[in-house]
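Pasting the structures in now, so scroll down.
There are two complexes below, and they share chain A, which is joined by chain B in the first and by chain C in the second.
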Partner chain A sequence: MRFSALLRKELRECLPWMLLAAIAFLALGGFFLRAKAYYEGDRLYSRLSPGTIVDHYQLTFYPTLNFTGPWFFCLSIGLGLVLGIRQFWIPHFTRTWPFLLHRSISRKSILAAKLSAALIACVISMGSVWVGLYWYANRPEVFPIPQTVRVFIEGWIFIMLGLVVYLGTALSGLSTANWYTTKIFGLVFATFIIVTTLSQWTLVGIFAVIAVSVAVLLVQIFDTFLRREY
Partner chain B sequence: MNEIVLETKGLTKYYGSTLAVDHMDLQIPRGCICGFVGRNGAGKTTAIKLMLGLLNPTAGSSRLLGCDSSALTPAIRQRIGYVTEGHRLFRWMSIGGLETFQRAFFPKQWDDKFFADMIEYFELSKKQKIKHLSNGQRAQVSLALALAPNPELLIMDDPTLGLDAAIRRQFLEGMIELIMRQGRTVLFSSHILGDVERVSDRIVVIDKGVLRANCSLEQFQKAIKKAILSFADSVPDQVNIDGLLQCKRSEKGLELTLVGTDDEKISEWAKSAGAENYNIVQMNLEDQFIEFTAPANHKRLFQWEER
Partner chain C sequence: MKLKISLKQIATPTKIFMTLLIVLLAVSILQGIILQIERTFAHAKQRPSTTKPEAELTEEEKRIDRIRNSAKYFLADGTIHLVHKPRRTPTRIDEPEIAQIYDANDNLLWEGPDNRRPYRYLSWAMQLRRYSFTRERMKQMQMLTPGFSRNIEIPVSSYNKTEQIWRYYPGAEYFKGYNTNGEKIGYIGSTGFTDSKLKAKPFGKFGFFTAWCPQDSVSPTLLWQTQRHIYQIDFEKQNVEMIFESADSDIEIERTSLHAWRDLKPGAEGSSDPKKYRPLLICGTEDGKYHLILREPRQQLNLDVPHPSVTATKKNIFVRNYWGDVMPPADIAGSRELFDKWMEERRGKPRNLWIELYKVDNQGGLELLNRYDWTVPEPSMAVVKARDPRPAVKRYVSQISPPFYDYVLRLFGRKFWSRALNYQNRGDFFYSLARMVLDIQPYGGVINRVLSALMMIFVFLHGWPRRASWPKFVFWLVFVGLFNLAGLLTYLGLNHIAVIRCPVCGRRRGLAQVDCVRCQAELPAPEKGKLDLIFRT
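This part shows the complex of A and B:
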């Protein structure tokens, strides 16, 4: 009951940003997919035989959904950044930490509610739209070539990178150090992880980098949240 | 002896090299209404946050309801109400939403009727958003939220700051409502001595982080007094009397502010110093506090005062 009250409160605070990110992703992703479907369906593939369509696809090695990649990546990172600021920087400026923390629930649970809300926000807003776009792009009447599973997984990697940025922002927000010293560590670390992830060649490497970075950030966040002064 | 609900031992807090709270030894018995007074920057908020475990002490410790402040369990926190400085609430919530949120943490204690009565008394509506409330209205909501779970110990950090006289009175009446419930303890910090005088039965004075007084209000008021002495000839150069706080000189008189000096001693000293006559003047709490916490080498702000 107490945890669910906290979770509801955190989700409500995330809601505007969840909706904004989902609408932006849906609009941009949908627009570019429609545009590509129109181009490839009507202008390109209609002139090619089924065999050459596959050749064309393999030759260009250009999965259709990758077209939404840059937008998806930017929105995921942006959502992570905004959620981190909303949950860990704003309470500092509005001085609501004491009101939130003095209640009959452990600090661990308060933090867990925040992290759970952010995870739910990212998965629902970006994940659901991504699943929807993938389903749309896989319809034969839209694109003749089915999307690969790898493309679908890469989308979830963008969502996970958004979460890494969220955790990095949270860590920076919780730090009481000066911004030019260790306070910036969380954001710098998140940026480093993004660069490292994008330079990986295998999915296993990508998941390993993300798993290690999430573990490091979570340990740091829990430690800082439980020890710091408010 | 009364049970101690709040206790600090050598509580010290440094911010970098700045000393905010200096070896504070404080005991607050159950059932009292304690005014926690001090000038701006005296360390009141820091002390309260240390007591609630929101800050970590540099040295010393504090205990609330028998539990160490650095490890207050959810069960103990459930018994402590806290009104934060500036009444910082979640701005996007409505009063009703805030009630629902707060009630979840006091499932058995929350008094719906009391909260509704207080909101009605303050002429507020549960549909109103916090962001649309004035500072005074937020204070009222804050008090209602803190009182509705009927806490054993209520700690308020400058709850009447920035409120006008009418709202302050309403606020204090709300506090008196809690006080009338048996065995409840209140600690509230304030700059407004009139408020402390009106509702407190105990006073704690903190000055530059140092605990200067912790006694009943009556004791405090009796202890600090002013003696006005007039001299036929010259005023003595040396004033050697126990408990001297301030000494103001005029051409043919002395104005002494004394603490803990009984009337007989003042009389004896006046005779020995050759005073023509003397009067002991009762001071109001505000004057007592100002004299009590004024620095010895007090400088005047404006030069024209000295002309």
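This part shows the complex of A and C:
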């Protein structure tokens, strides 16, 4: 009961950012998808000449959803960053950590509530819009050639990268070191993970990198949060 | 409490891992920046040529230089011609390119504009690097980007309007086709077209493909090479033809060549005269064999020549072999010691080169038709005899690299690394990482080891009053010894321990534990009204 109350409190704090990210993604994603659908006929016009060698770039294509990708990627990362700042940096700036921690509930539960709220926020705001856009792009009357399942999975990888950034921000926020020493290492590590993920070509490799990074960050977040003096 | 203890046991190594990773990356970036700056300045200073100016050459030197720079062409009867193109006047771009054609005895046969040559030489099968889509590109295509990963989609068109799209699925290793009205057509796999997913057979591990539109179509035909097979896929006719199968050995990815194979319009890049030449495909397998596949009529031959160039006219099949004593014999190439000895023996001596033309019989046997030999002087190059043969700046920059790299490289052995650095693995994350490590490894440099030792001494002096336990103290010493600068920075980053003067023995001690590391005295309780123990002392 106490946990659910805490979770509701954290979700309430995340709500504006959740809504903002979801609306921005829906608006931008929807706009670009509609624009892409409008020009789909142009894509189906063949530019190949008879009796010539075909350059490979003429046969490799980004998926139809690719224009929504950069926005999706940036919004996921941005949402993770904002939620991390909201939950772990703002209480430090406003000196409100003691108000949260004095309750008769373990620190573990407080942290679990924060992490669960962030997870739910990312999944609901970005995930639901992504599912909607993917469903829309798969309607034959919009785009005759269906999207691959891999694109759908890659969208969820963007959401996971947002969570990695959230965890990195949380770790940086909890660190008691000076900003010019190891305090920002959580964020630097998250950046490193994003770059490493973007250099993988197998989904197994991507999931392995994300799983290791989440484990490394979570362990340190729990350890720091449970031991730190506020 | 239990959770805290077990968490701490896991959290400390993960913190060290994370910090070390970041610091190693930072050190590598720093090294990369230094090397890039050096490369930029070195490139700017580089002189255009170290050879003598043309005016200072003797007549004999000019002749040798001309022969070396001449293209060696064969006529269909086996005659060799040396085609030399003198340098144009730098300011006269408009003047036509002049060709001088010499015979094997160095007699000038013809001189004039290059595009009006009176002879028609044999053209040869070309490797498909330029227009082929390799395994490395396939990996790059599947890489996750902010715009998602890409797909290979082959359009089947009629009058410039795409009617079908065949998409390649790298996981399933087959193509799936769709109509442009959204209906699924079927699958194309190694056994051909099928309308059922269950019946679709995978092509196999992708090697490379090249595509062209035949003269009567705007739909591409693909030559698709996998680990053991080469297929030709006609999407318009939904037809798959297996061109070659290697039962015993993998096909080398970038060794496949084509000549007159593709039905290209006359004059188009890559086209050959179909009236003169037979369609030909040659591929190499990893067991060192070369396989020649011919059409009109169909024929398959095995060739036992290293790196052959091949062509087939309507009358004969020819093999051209360009070789010299610049490459060691096969028995020497396998041994590092023999190779070094061989290199030492031939250093400073002129190089002998030759080109041979063979006629191939119906069993793949070779008959030598012509051979041309020439000699070129050994270029004067500085000999680096150091253990680390890399340029000086790289040697110095790598002195701050972790000795750990050396140990890892030595631990796994040369076989492991040559396998990991095989060109077929290009595009893999591990391949790039291994390349980077090889580039900046310290190579057992003395300065590197001295630096590591100095850093260990620093850590010893820094950590001695702060030590909380012997294993931890020894761990950090070894750690810094292994990782050099990155290890030292990690140590400093994770060991912020305040030091005070012990109230009992008066010597410096850390506050990581209650007992003084020197006299084992506990920290005294603060005096009444004086809460701050540190400032008091």
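A few remarks follow.
By our rule, the second predicted complex is superposed on the first by the 211 of 230 C-alpha atoms of A that agree within 3 Å, B and C clash if a C-alpha of one lies under 4 Å from a C-alpha of the other, contacts with A are read in each partner's own complex, and residues count from 1 in each chain.
Here is the rule we use: a contact is a pair of C-beta atoms (placed from the backbone, for glycine too) under 8 Å apart; a residue touches a chain by one contact, two chains touch by 3 or more.
Since this is a predicted model, take the numbers as computed values, not measurements.
Looking at the shared chain after the overlay, A:Ala117 reaches neither chain B nor chain C.
In the overlay built on the shared chain, the residue A:Val188 is in contact with chain C alone; chain B does not reach it.
Of the two partner chains placed by the overlay, only chain B lies in contact with A:Tyr230; chain C stays clear of it. Touch criterion met: A:Arg95 reaches chain B, while chain C stays clear of it. Contacts of A:Trp201 after superposition on the shared chain: chain C is touched, whereas chain B is not. Once the two structures are overlaid, the count of chain A residues touched is higher for C than for its counterpart among chain B and chain C. In the overlay built on the shared chain, the residue A:Leu174 is in contact with neither chain B nor chain C. By the document's definition of touching, of the two partners only chain C reaches A:Gln220; chain B does not.
Common to the chain B-facing and chain C-facing surfaces of chain A are residues 227.
Looking at the complex, you find that chain A touches chain B at residues 1-2, 4-5, 8-9, 12-13, 94-99, 101-106, 227, 229-230.
Of all residues in chain C, those touching chain A in their complex are 3-4, 7-8, 10-11, 14-15, 17-19, 21-22, 25, 131-133, 137, 139-155, 157, 160-162, 165, 167, 169, 178-182, 209-220, 262-265, 268-271, 427-429, 432, 493-494, 496. Here chain A touches chain C in the complex through residues 44-56, 59-63, 65-67, 69-70, 73-74, 108, 140-141, 144-146, 148, 150-151, 154-155, 157, 177, 181-182, 185, 188-189, 192, 196-202, 205-206, 215-216, 219-220, 222-224, 226-227, going by the rule given at the top.
The part of chain B that touches chain A in the complex is made up of residues 49, 52, 54-56, 74-75, 77-78, 80, 82, 84-86, 88-93, 100-101, 104-107.
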